[in-house]
Each structure stands twice: as C-alpha cells, then as structure tokens.
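Look for subunit A in each of the two complexes below; its partner is subunit B in the first and subunit C in the second.
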Partner chain A sequence: MAAPLVLVLLAAVTVRAALYRSSLAAFISERVEVASPLNAWKRVVEGLALLDLGVSPYSGAVFHETPLMIYLFHFLIEYAELVFMITDVLTAIALYLAIQDFNKVVFKKQKLLIELDKYAPDVAELIRTPMEMHYIPLKVALFYLLNPYTVLSCVAKSTCAINNTVIAFFILATIKGSAFLSAVFLALATYQSLYPLTLFAPALLYLLQRQFIPIKPKSKSFWLYTVQYAALYLCSLVVIICLSFFLLNSWDFIPSVYGFILSVPDLTPNIGLFWYFFAEMFEHFSLFFVCVFQINVFFYTIPLAIKLKEHPVFFMFVQITIISIFKSYPTVGDIALYMAFLPVWSHLYRFLRNIFILSCVLVVCSFLFPVLWHLWIYAGSANSNFYYAITLTFNVGQILLISDYFYAFLRREYYLTHGLHLTRQDGTEAMLVLK
Partner chain B sequence: GQIYWAKDIIFLVNEHDLLGMEAWLEGYHDVNLTGIRSEGTLGRAGAIQAAIALELSSDVVTSLDVAVEGLDGRLPNLDLLNLFQAFCQKNGLLCTIQGKLPRPDGDSLAAYGHRLQTLLLMVLAQASGRPRGDHGLFLRYRIEALTLRGVNSFRQYKYDMTAVGKTLEGMFRKLNNLLERLHQSYFFYLLPSLSRFVSIGHYMPAVGFLLLVLILKISFWGGTPPLTPCSPQDPQPGLLALVPPVLICHAAGLALYFLPVLGQRVATQHFPVSEAEAVVLTAVAIYVAGMALPHNTHRVVAGGGTDRGWMALKLLALLYLALQLGCLALLNFSLGFLLAATMVPAAAAVTPTGPR
Partner chain C sequence: MAAALLAGCWFRAAAAALFLGCYRAALASGVQDQAEQFFRSGHTNNWAVLVCTSRFWFNYRHVANTLSVYRSVKRLGIPDSHIVLMLADDMACNPRNPKPATVFSHKNMELNVYGDDVEVDYRSYEVTVENFLRVLTGRIPPSTPRSKRLLSDDRSNILIYMTGHGGNGFLKFQDSEEITNVELADAFEQMWQKRRYNELLFIIDTCQGASMYERFYSPNIMALASSQVGEDSLSHQPDLGIGVHLMDRYTFYVLEFLEEIHPASQTNMNDLFQVCPKSLCVSTPGHRTDLFQRDPQSVLITDFFGSVRKVEITTEAISLDRDLAGFESKLPKDELATEPLKYAEQLPVAQIIHQKPKQKDWHPPGGFILGLWALIIMVFFRTYGIKHMKHIF
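Moving on, here comes the complex of A and B:
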C-alpha cells in the first residue's frame, strides 16, 4: 500500500509546487473564501514584522494567530511554501494510518457481533468485507490531497492547513488508543482555534470503548477514566497557554485570539453565516445573537453523544462537519478536512437519498462564489445579498449532506439488527421512517 | 454671474482611439492592466463620476447617435441614457440609437420587427465584448459613460453647435447636482428602441429556460444514476473512468488558451513567420493535433462498450456545460445566451453512433 500512497503524495506535491510558481498564487491568497482574518498569510507576515520591530504583534487588531504559530514561522519564514506542503503531506499520512487502524477495529467489531448472533439473518449484503475496505485509506489520503479546496488552501498559505494537521494527528492518536497523545493534540487543536473543544466527547467515547469500560453513569471506572482524560486535556491546555504567556510575556493573545473568535468583530464576507447577519443587526442585539450563533456549534454535542455512543468515530466526523459549517470564520480548508472522511462511509451509498443533487449544489455554489464576488465588488451591479444567497445555499447544502449521511448510518444500523426486509405485525412490508 | 459648477470637468482629447483612451485611464488611475506604457498624466481631478465621449465630424448635425455597449458587454446605468434622451427632447434635438431613425410606436408587425432587429443587434454587440465607442473603457473603472456621435446626413433640418452645446450642458448640470453614484436604475437591460428597455427580470428567464433543458435531461438520468454499478460486469465505479476524458479536454483547452501567445514569441525567433501568422498557425496546429484525440479518448472511456459509460460522461458534460453557461450568463448575458442557444440543443441531443 505504500507505493500508491507515495505516488499520490508526489502528484499532490507537484500540483502545489506548479501552482506556487504560477501567477495564480497571488490571486488565490486574496480570495475571501480561502483566507479569513484568522488564518490569512498576509496577517502572519504582518505579525512577524511587528514582532521583529519589538512591538507586540497583537497591537493593531490585525493579527489573530497564537504565539506558538508566530514562533513557528519566525524560524521557518524562509521555507513557508515547503512548510505548507509538508503539513498537507503529514495530514494525509496521519489520516491514512488512522483509517487503516479504524478499519481493523470495525472489522473486529463486526466479527464479534456476527459471532454473538446480534445481526439479523438476511443482512449478508450489508456486511463489509476486507476486500472492499482495502482501498479506503488510500482513497482518504487521495480525497484530502487532491481536493481542490485543499490545494487552494495550501497555495494561499492559509494556516488552516496547520489546524487540519493537528486535528489529523489527534484523530490518529485517538484511534491508536493513546490517551496521553490524544489529550495533548486535542489541547493543541483547541488552543489553535477554540472549536475542537467539542471533539473531547467523541474521543472520550472511543477511548472508553477501546478500554472496554461500559458507558454507564453509575460505573465507577467510567468516571475515573473520564476524570483522567479530562485532567490530561486540561493540564496540557494550561501548560500550552502558560508557555504562550512566557513566549511573549503578556496575556494579549487571549482577547486577540479567543475574544476575536467568540465575539466576531470583523465582518469581512466569507463562506460562513455570521457576517451578513451582524452587518445588518442593531448594536444592542448583537451580544444576544453572537451567543445564539456560537452555541450552535457546541449545542449538538450532547444529543449526538447520546445517539452515537456506540459509534464514536462517526460522531467525530459529524462533529468536525458541524464545526466547519457553524464556526465564526470558516474557509474551504475546514471543509476539505471533513470531505476527506467521506470514503470511510462509502458503504452507506445505497442509503443516501440526495447525494447527487447535493453534490451538484455544492459544486455550483463553489463556482458561483467568485462570479458573484466579481459582480458585487468589481462590476458594482450586484450587492451583498447575492453573495450571501450563495453562502446560504452552500451551507444548507453541507447541512443536508451531513444529515443525509447521519440518516443513512442510522438506517444501516437498524437494518443490521432488524433485517433488510421489514415486516409489520401482520406480515405486510414495512417502511422505515425517521421520526 | 452665478457659480453653479461644483465639480471639475476634464476635457480630454485622445488619439489612437481606444488605445489612447485606455492609456489615459491607466495613467489616471495609476494601474497597469494591459501593459500600455505612456507618459504620466498632467494632473488629477479626483474620482471621475461620469464621462461622455463625443465624436463630432462637422459643426452642424442632423441627429445625435448614442452607443451604450462597453467592454466585455458592460453597460452604463440606464439613468444616463434616459438623461440623454430627456435633454434631446427638451432641446428638440433628434436622437437615435444604432444609427436608425426612430419609428413611431405601434403594434404593427413592421414596428415590432424593427424593435426586434434593434434588440438582436444590441445582443450581438454585447456578446462580442467589443466596446462600441471610447466610452466602453470607462465602465471597467466604475465610471458611467456614453458615446454620442454627431451624424450629418441629408436631412432638411440641421442643428448647429449651440443646440448640441445646450444639450451637453444640461446633461452635465444634472450630473453636477448628483450627490451619489448612479445606482438607482438598472445596470442590466436590453434596448429595443431608445425609449424602451427590457430589464434583467424579463430577459434572464430566456437563458433560464435554455439551461432548464439541460437540467431536465440531467435529472431524468440523475434519478436513475448511471453511476451505480447495477450490471454485473461493472465492478469499479464509473467515476474513475470519467477522469481521463475530462483531463484531456481541459488540457486541450489550456493549450488553446496559452500556447498561441507563447508560440508567438518563440516562433518569430526561430521561424520566418510574422507574429500574426505564428498565432494562427499555432491554433491550427492544436486543432490538427486535436483531430487525433477523439479516437484515442473513445478507447480511454472504459465503459465505452456499454450503455452506461457514455451516459455517465454525457451527464458530467451536461452538468459542466450548464454550470459554465450559468456563470457566463451572469457576467455577460448576451454571450451566455448566444452560446446557450447554439450549444444546448446540440449537447442535449447528441448520442454516440457508429462502430464502438
């Protein structure tokens, strides 16, 4: 399996190198869909220039990266393009190894459930075989590396690529079962952009499952493990934040990074849902609506944890998608991360109801983003309503995509335990309906 | 007397037609869009609000002809055209569009035919993307502009420069009194005559219906997706087999876009051809090379032997065509419409025939 992966990596690196040398690189790094105020390369350069002058990089409300990121680029600014290509390669390798391990876990669990006779007798066509799962890790790496969104994000040198790498390593550490590394990477991911905090729940559920600890509120070992994991996570987070304090000798970074993410002061258009609302809103409502919008990201964790407690990796996938749709400054780099996981659920294809229309909607909206931006900003004949219409359609498309996958997953689980041909009490054929 | 001019007026005389105008605009706005090199401008008067390009060949005119289409099919705000027509009527000046005398409004077939002809000529001019006058270059800088041509034909009643001057002064005074950019009226319109217009809400459904043909064809197939491997001889998904034809077509398109310009520089160094000849010969060479392609790409489409293979490729091609025509219609409606009118029937109806 290594040879095809190396081929894919070479192809990806070639595409990125070719684009870096062309005139498109400058054009792409200006696009608002690719570079947000949180992760634009221009702002990193600005922060480094301020740091070189001896002034705090956070004075001036331009720079919103974390101190660890400034110091990373302080030493690597000469090789910036190489750094971003290497982060993409590392993300792909991490996802490849993680999905390889995950496939083994899935297969073992399936075998156990078959032997325990938990499956209905007529579900032979739903059982997954190692043959069909053999190419999935390669497809995941391919989907991440050759996704146009990832390539655009890399060519624009948006630090979203580094966020994706940290999350990919977190997923690898979780699936391998190492609680310590998982907590450390999760703390790093939370430190970078606040929202991966919600990935604590699926990681915990996966590690509990791996240790064969039952998820019951009465069980003592459950609470012991939870407290252990939470302590590891919080201690790593505190250590990283204190380290950042000592790097720059001030707490300036907390309002500039986390205050910025939570209070959304910059209303530059992007592919998210926040900017238009807050541009139209009156001042004294804005606090209420900021809270409502931000709760949207964190709100789905508990219901999903209750429903998907047997399937924590799917829960992680849904949570990553929800983060990239509802976060305050999304970019296409965030979308690329969850799209990389779609081959893992390719066995759900027969239960997906709207996949064709949704993929058409997503592709059409991606093409219409630059057209309507041009009509609005350069030709002056459209206005922000048109651009927000495309943003809304794009996000609705993503939400419908993830709900489709969620429903297909639950449907398959139901069929596995109750059989493919459902009958009612009197023997007539029944239909499965989601209530 | 009373001072009523609140804004500066720039009187610009340019030579070399469009090149001179573009050189001045680039020098004035200090940008470098086309690589024209010129000496700097003599002075600046701030952001330009509107511009009128005058083409007068004699000092008596029988009518004033207006041209609206600009570069890449852009149009000035309709307010500017209405302004011109209002002042011509006020001063009794005869105003025309596309050089045709105005017909009386009516419901007769001849009047309808005349209006249809004006409309279609405007669609053709807009689709070509060439500016119909020097004003077309101002539109790219968000400056509303018109071209007025003084026509001196064999008519009985001639106007001298005082009438023209009064009209122009009236227009400039109106623009002088404006506090904001022209944005109240339509930016996208089509003109069947000087005093009638068709707004975008009325003409965009035309392109919409053409694309609907494609979308209906796609959804008719999308309901039973040809991409699911339902037949037993289709082990791998057909998606992977669609990639080579798409890549080859894109490579051919990129070659056609970049190679003639590159070839122009290289060929004149090594071969005894002029630059125009080099461009034409490179394009011809790419087409000749392309004639070799369909035979090869036909073999590359793995599902070529079965019914499913070409249907999947056609589905993808129709989707791509609908998407591109839609984006193009948003940017330059006339070009999108003309391309859709020619390509949609052919694309929707095509099926492969002949030996497999």
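Moving on, here comes the complex of A and C:
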C-alpha cells in the first residue's frame, strides 16, 4: 500500500506547488473563508516582525498564535511553503496509518461478535469484508490531500494545517493505544486551539475499550485509568503552557490566544455562526450569548459519550465535526479534517437519507461564498445578510451531514443486532426512527 | 437760496478752518492716526458661505431659509463671485413643486426667494461635510472652479449661514453624515491660522443650534443660533397649496429684519440679537460674542451681510512719506528679529534618510530551547524505550 500512497502524496505536493507559483496564492490567502484571525499567515508574519522590532507580538490584537508557533516559525519562516506542504503530507500519513489500524480493530471486533452470535441471522450484507476495507486508508489520505478545502488552506498558509496535523497524530496515537503519546498530542492540540479538549472523552473511551476495561461507574479500574489519563493530559498541558511562558517571559499569550478564542472580539465575517450575531447584538447581552455559543460546542460531549460509548472512533469523528462547525473562527481547513474521515464510514451509504441534498448544498454554498462576498464588499449591491445566509445554509448542510451519518451509524448497529427486516408485534413491517 | 448757498459756503469755509485748526492742533498724530486706523482695522471684502444641508421635498423650508439669506446678502451688495451657495436639493425644479421655478418664503406666495439669478455653487450630492470643510479651509483640489472656492484673505469678513436638521453637537448632512461642533471649531481655527478671515459671523438655524457654537475657540467669531441646547427650532407655517412648511421661524423673522436693511443702514448687531424673541419663535435664540474683539454695538449689519466699501472722503492731503519710511525701517528689523526657519531644521530629513534602524534580531531564550528539546526527547524515549539510545551513541 505504500506505492499508491506515495503517488497520492506526490500528486498532492505537485498541486500545491503549482498553486504556490501561480498568482492565485495571494488571492486565496486573503479570503476570509480560508484565513481567520486565529490562523492567518499574514498575522504570523506580522507577529514575528513585531518581535524583531523588540515589541511583544501579543500587544495589540493582531497575533493570536501560541508561543510554540512563534518558535517554530522563527526558524522556518523562509521555508513556509515547504513547511505547510510537509504538514499536509504528515497529516495524510498519520491518518493513513491510523485508519489502517482502526480497520484491523474493527474487523477483529466484528469477527468476535459474529463468533459470539451477537448478530442477527439475516445481516450478511451488512458485514464488512477485508476486501472492501482494503482501500479505505488510501481513500482517507486521498480525501484529505486532494480535498479542495485542504489545498486552499495549504496555499493560504493557514496554520490550521498544523492544528490538523497535531489532531491527526493524536488520533494515530490513540488508535495505536499509547495513552502517553495520545495525552501529549491532545495537550498540544488543546494548547493550540482549546476546542480539542472535547476529544478527551472519545480518546478515553477508546483507550478503555482497548484495555478491555468496562465502562461502569462502579468499576475501580475505570476510575483509575481515567484519572491516570487525565493526569497525563493535564500535566502535559501545564508543562507546555509553562514552557511557553519562558519564551517571552510573560503570560501575555493567555489572554491573546485563549481569551480571544473564548470572547470572540473580532467580528470579521467567516464561515461560522458567531460574527453576525455578535455584530448585531447589544453590548449588555454579548456576555450571555458568548457563553451560550461556547457552551454549545462543549455541550454535546456527554450525551454523545453516553450514546456512543461502544464506538469511540465514530464519536471522535462526530466530535471533530461539531468542533469545526461550532467553533468561534472556523475555516475550511477544519472542515477538510473531518471530511477526510468520510471514507471510513462509506459502508453506511445505503442508510444515508439526505446525502444528495446536502452534498448539493455544500458544493453550491462553497461556490456562493466568494460570489456573495464580492457582491457585498466590492459591488455593494448585497449586504452582510446575504453572506450570512450562505454561511447559515452551509452550516445547516454540515449539521445535516453529521446527523445523517449519526443516524445511519446507529441504524446499522440496530439492524446488526436485530436483523434487517424489522417487524412489529403484529407482523407488519416496522420503520426505525431516531428519537 | 443765495443766502443759503452763502451760508453753506460760509459754513463750509468755517468747517474747513476748523478742520485745519484741528489738523494743526493734532499735528502728526491726528489724521495720521485716522489714516492708520483706516488701513489697519476693519475689513476690505465680504464673503458669504450659505449652506443648506437637507434634501427631500419635506425639507423645503431649509432651502427657502438659505435662499432668503442669499437674496438679502446679494441685495446688500455681495456679488455671486463672493458667495458660496450650497443647496443639498433642488426645490424649485422638484417634480413635487406645484409652482415650478419658485421657492416661496411666505404663504400666499408673497416673496419668491428663488428669483431669476440664483447661482448655486454646490448642488445636490456635492453638499457633503468634506466639501464644506474643504471650502472653509481652502484645501481644495486644483481642478475646482473659482466659483466653488472661498478665496478669502485676512481682511475678509465672512458670513457663514447653516441650516438643516441638527442635534446636540452635530448637524446632519444629506441624511447620511454629520458634522460635529468640534470639527467646525477646528475648521475655523484652521481658517484663523491661515489668516482666511478678519471677522466671522456664524448663524445657524437648526434644532439645538447653540450647541454648534459652544466649541469655538478662535478669535473674531460671533455666533447666532436659533435655539438653545435642548430646544427645537420650529417651522413657521405651511402653505396648503405647496403642501410643506415654507420657512423656519428664526430665519423668517431674520429675513423680515433684513428686508429693512439697505447698504447705508447703521443698524448694529444688538438689533439682530433681538430678532425673534421667544414669544414669536417659541425657541430661545442664542448668541456668542466673547470671542469677538469689537463691541457688538459697533458692528454694523452691513459689515457681514453687505459688501459696503469703506470710503472716507477727505479733502486734506495726508503725508505718507514719513509713515512709509517708518514702515520700511520697521519691517526689515522685524524680519531680521525672527529667524526664518529652514525646512531642514524643522524636519531633520538627512538624519532620517541616512540612518537605518538597528535590526536587533530576536532569538528565543536558551532556557526555552533547552526545555523544549528535553521534553521532546523525553517523550520519544518514553514511547520507544531506552533501547534506542544505543543507536544514537
């Protein structure tokens, strides 16, 4: 499988290099859908320039990257394009290896459940075979690398790519079963953009499952492991934050990075939901609504953990999607990450109900974003409502996507244990409904 | 008749003798003083900047206000070349005007203030805060025609009349932007520093108009407003035929007052302050004279509203030679006393150009690098085991 992967990598690198050399690079890096105040390349350059002039890059509201990023780019700023191409390649390789391992785990589990007779007799067509699962890792790498969103994000040199790499390594470490590495990478991801905190739950569930520890509140080993993992995670987070203090000898980065993410002061339009609301809101309500919007991101973790405790990797996928929809400054780079996982659930295709509509919605909205932006900002014949309408539709499409996959997944699980032809008590055919 | 003529002759002779006597008595100082007074104080030309800031048909009265002041000012002698008239909308040729090409100030169509020879300099969308401030300060692009410029000098008396919708501290332009009292005060200060006026009379007819002159701080400005802060200026009366209110009360009574003035009137500013008392105007007009050097009693209406040339006829010869010599000898000394500032001394360009800022590159502190790499190595070995160390060493 290495050769096709290398080919895919080469193709991706060529596409990116070609786009870097073309005139589109400058145009793309200005687009608000691709570069947000958190991860725009312009701001990184500005912050490093400020540092060279002897001023803290966190003074003023221009630079919102973490000190580790300052350190990374201080030495690599001339090779920026190469760095971003390498991060995309690394993400793809990490996802490839992770999904390869995951498929093995899935297949093993499936075999176990078949031998234990947990499946109903007529679900032969739902059982996954190694043949169909063979190409999934390659498809995942392909989906990530050649996704137009990823390419755009890479050409714009948005640091979202680095965030994606860290999350991909975290997923790889989790699936390989190394709690220590998983905690370290999760700490790095949280350190960079705060929201991956919610990925703690699925990672914990996966590692518990891997260690065959039952997830019961009464079980002592459950709590022991949880506390161990949490301690690893928190310690690494604290160590990284303290290390960042020593870069500039100040705690300035905490309000600039985390305060900025949580309090959403910059209302430049992007593909998210925050900017329009807060642009219109009265001052005395903004604190309340900031809290509501931020809680919305973290809120789905516990219910999903309860529902999906047997399927932590799917839970991780849903969680990543929720983060990229509801985070305060989403960009297309975040979307690219969860879209890379879609081939893993391709066996759910027969249960997806809205796939045509939502793929149309997503594609059309992606094309309408620059159109409505031009009409609003340059032609002056539209206004922010138009752009926000497209943002809303796009996010509704994404939410529809994830809820569709969620429903399809649960439906398949139900069919596996209860048989494909469901009947009610009186013998007539029954429909499965998600309540 | 002859007796009268004789008496007149005798009277004239006696007056001449008296005058001669006075002249001799006063010696060098008398007429020289007066002559110097004649040349030193007062203004030599008049300008008017008349601004109407509102558009739309229902703001007919603001255009009528401005046109009535325009009419008075022109009638009293200020030529169109010295008037900058800014009207934000065209009421005379508005499709809703039942009497096209007219703008009336009073119902029953008594007075058409539009007339036959109106010259509007800034019309419709050209009336903006930016253009107004550029006219006042003179920072105008070179392509602007003369009729759109305020070419005043330090001997100009300028009348500035503004009307429209306003509030506490601002005046609304075209329903889309505002000029604040601070901006206006700063514009006047710029005019003073560039010596663009000798004396300035500022009249404003808007709601809470007094707030617009509160911030003035330049000398030689007198200001009048139609209402105090917190009060609204009210309109006079509607004409049922035209369908809108025709004028505002304050300007209506000012127009009535100005109709009585002719170029030789000796009416002074105190009379203007009495125009439109609260009983007629409902709002309380206000004025501000603390920045003005002369006593309002001695300021003629025609100093601002008319273009009255100061002409004094004297039959005596006034010797200017001594004064001229004295003037000439005074001047070079004054100039030498103040050193001319060379451009290079004001702004040390040479220093700035040839000195590059010292580039101090930032390096991450050693402790940080050490800590980071130690952590990375620890993680690596924790994951992969110590046995890999033998591959390195």
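Please note the rule applied: the second predicted complex is superposed on the first by the 435 of 435 C-alpha atoms of A that agree within 3 Å, B and C clash if a C-alpha of one lies under 4 Å from a C-alpha of the other, contacts with A are read in each partner's own complex, and residues count from 1 in each chain.
Definition applied: a contact is a pair of C-beta atoms (placed from the backbone, for glycine too) under 8 Å apart; a residue touches a chain by one contact, two chains touch by 3 or more.
Computed from a predicted model, the values in this text were never measured in an experiment.
*Asks:* Once the two structures are overlaid on subunit A, check if subunit B and subunit C clash or fit side by side.
*Replies:* clash
*Asks:* May I ask you to decide whether A:Leu76 touches subunit B, subunit C, both, or neither, giving the answer as first, second, both or neither?
*Replies:* Neither partner.
*Asks:* Would you check which partner chain A:Ile357 touches, where first means subunit B only, second means subunit C only, and both and neither mean what they say?
*Replies:* Only subunit B is touched by A:Ile357; subunit C is not.
*Asks:* Return first, second, both or neither, reflecting whether A:Ala279 touches subunit B, subunit C, both chains, or no partner chain.
*Replies:* Neither: A:Ala279 stays clear of subunit B and subunit C.
*Asks:* Under the stated touch criterion, which partner chain does A:Ile114 make contact with: subunit B (first), subunit C (second), both, or neither?
*Replies:* The answer is neither, since A:Ile114 touches no partner chain.
*Asks:* State whether A:Gly54 touches subunit B only (first), subunit C only (second), both chains, or neither.
*Replies:* Once the two structures are laid over each other on A, A:Gly54 reaches subunit C alone.
*Asks:* With the two complexes superposed on chain A, say which partner A:Leu181 touches: subunit B (first), subunit C (second), both, or neither.
*Replies:* second
*Asks:* After overlaying the two complexes on chain A, where does the subunit B footprint on subunit A coincide with the subunit C footprint?
*Replies:* none
*Asks:* Along subunit B, where are the residues that touch subunit A in the complex?
*Replies:* 74, 142, 183, 187-188, 222, 225, 228, 319, 323, 326-327, 330-331
*Asks:* For subunit A, which residues count as touching subunit B in their complex?
*Replies:* 349, 356-357, 360, 363-364, 367-368, 371-372, 374-375, 379-381
*Asks:* Any idea which subunit A residues touch subunit C in the complex?
*Replies:* 51-52, 54, 68, 70-71, 74, 178, 180-181, 184, 239, 243, 246-247, 249
*Asks:* Could you list, by residue number, the parts of subunit C that touch subunit A in their complex?
*Replies:* 359-365, 367-369, 371-372, 375, 379, 382-383
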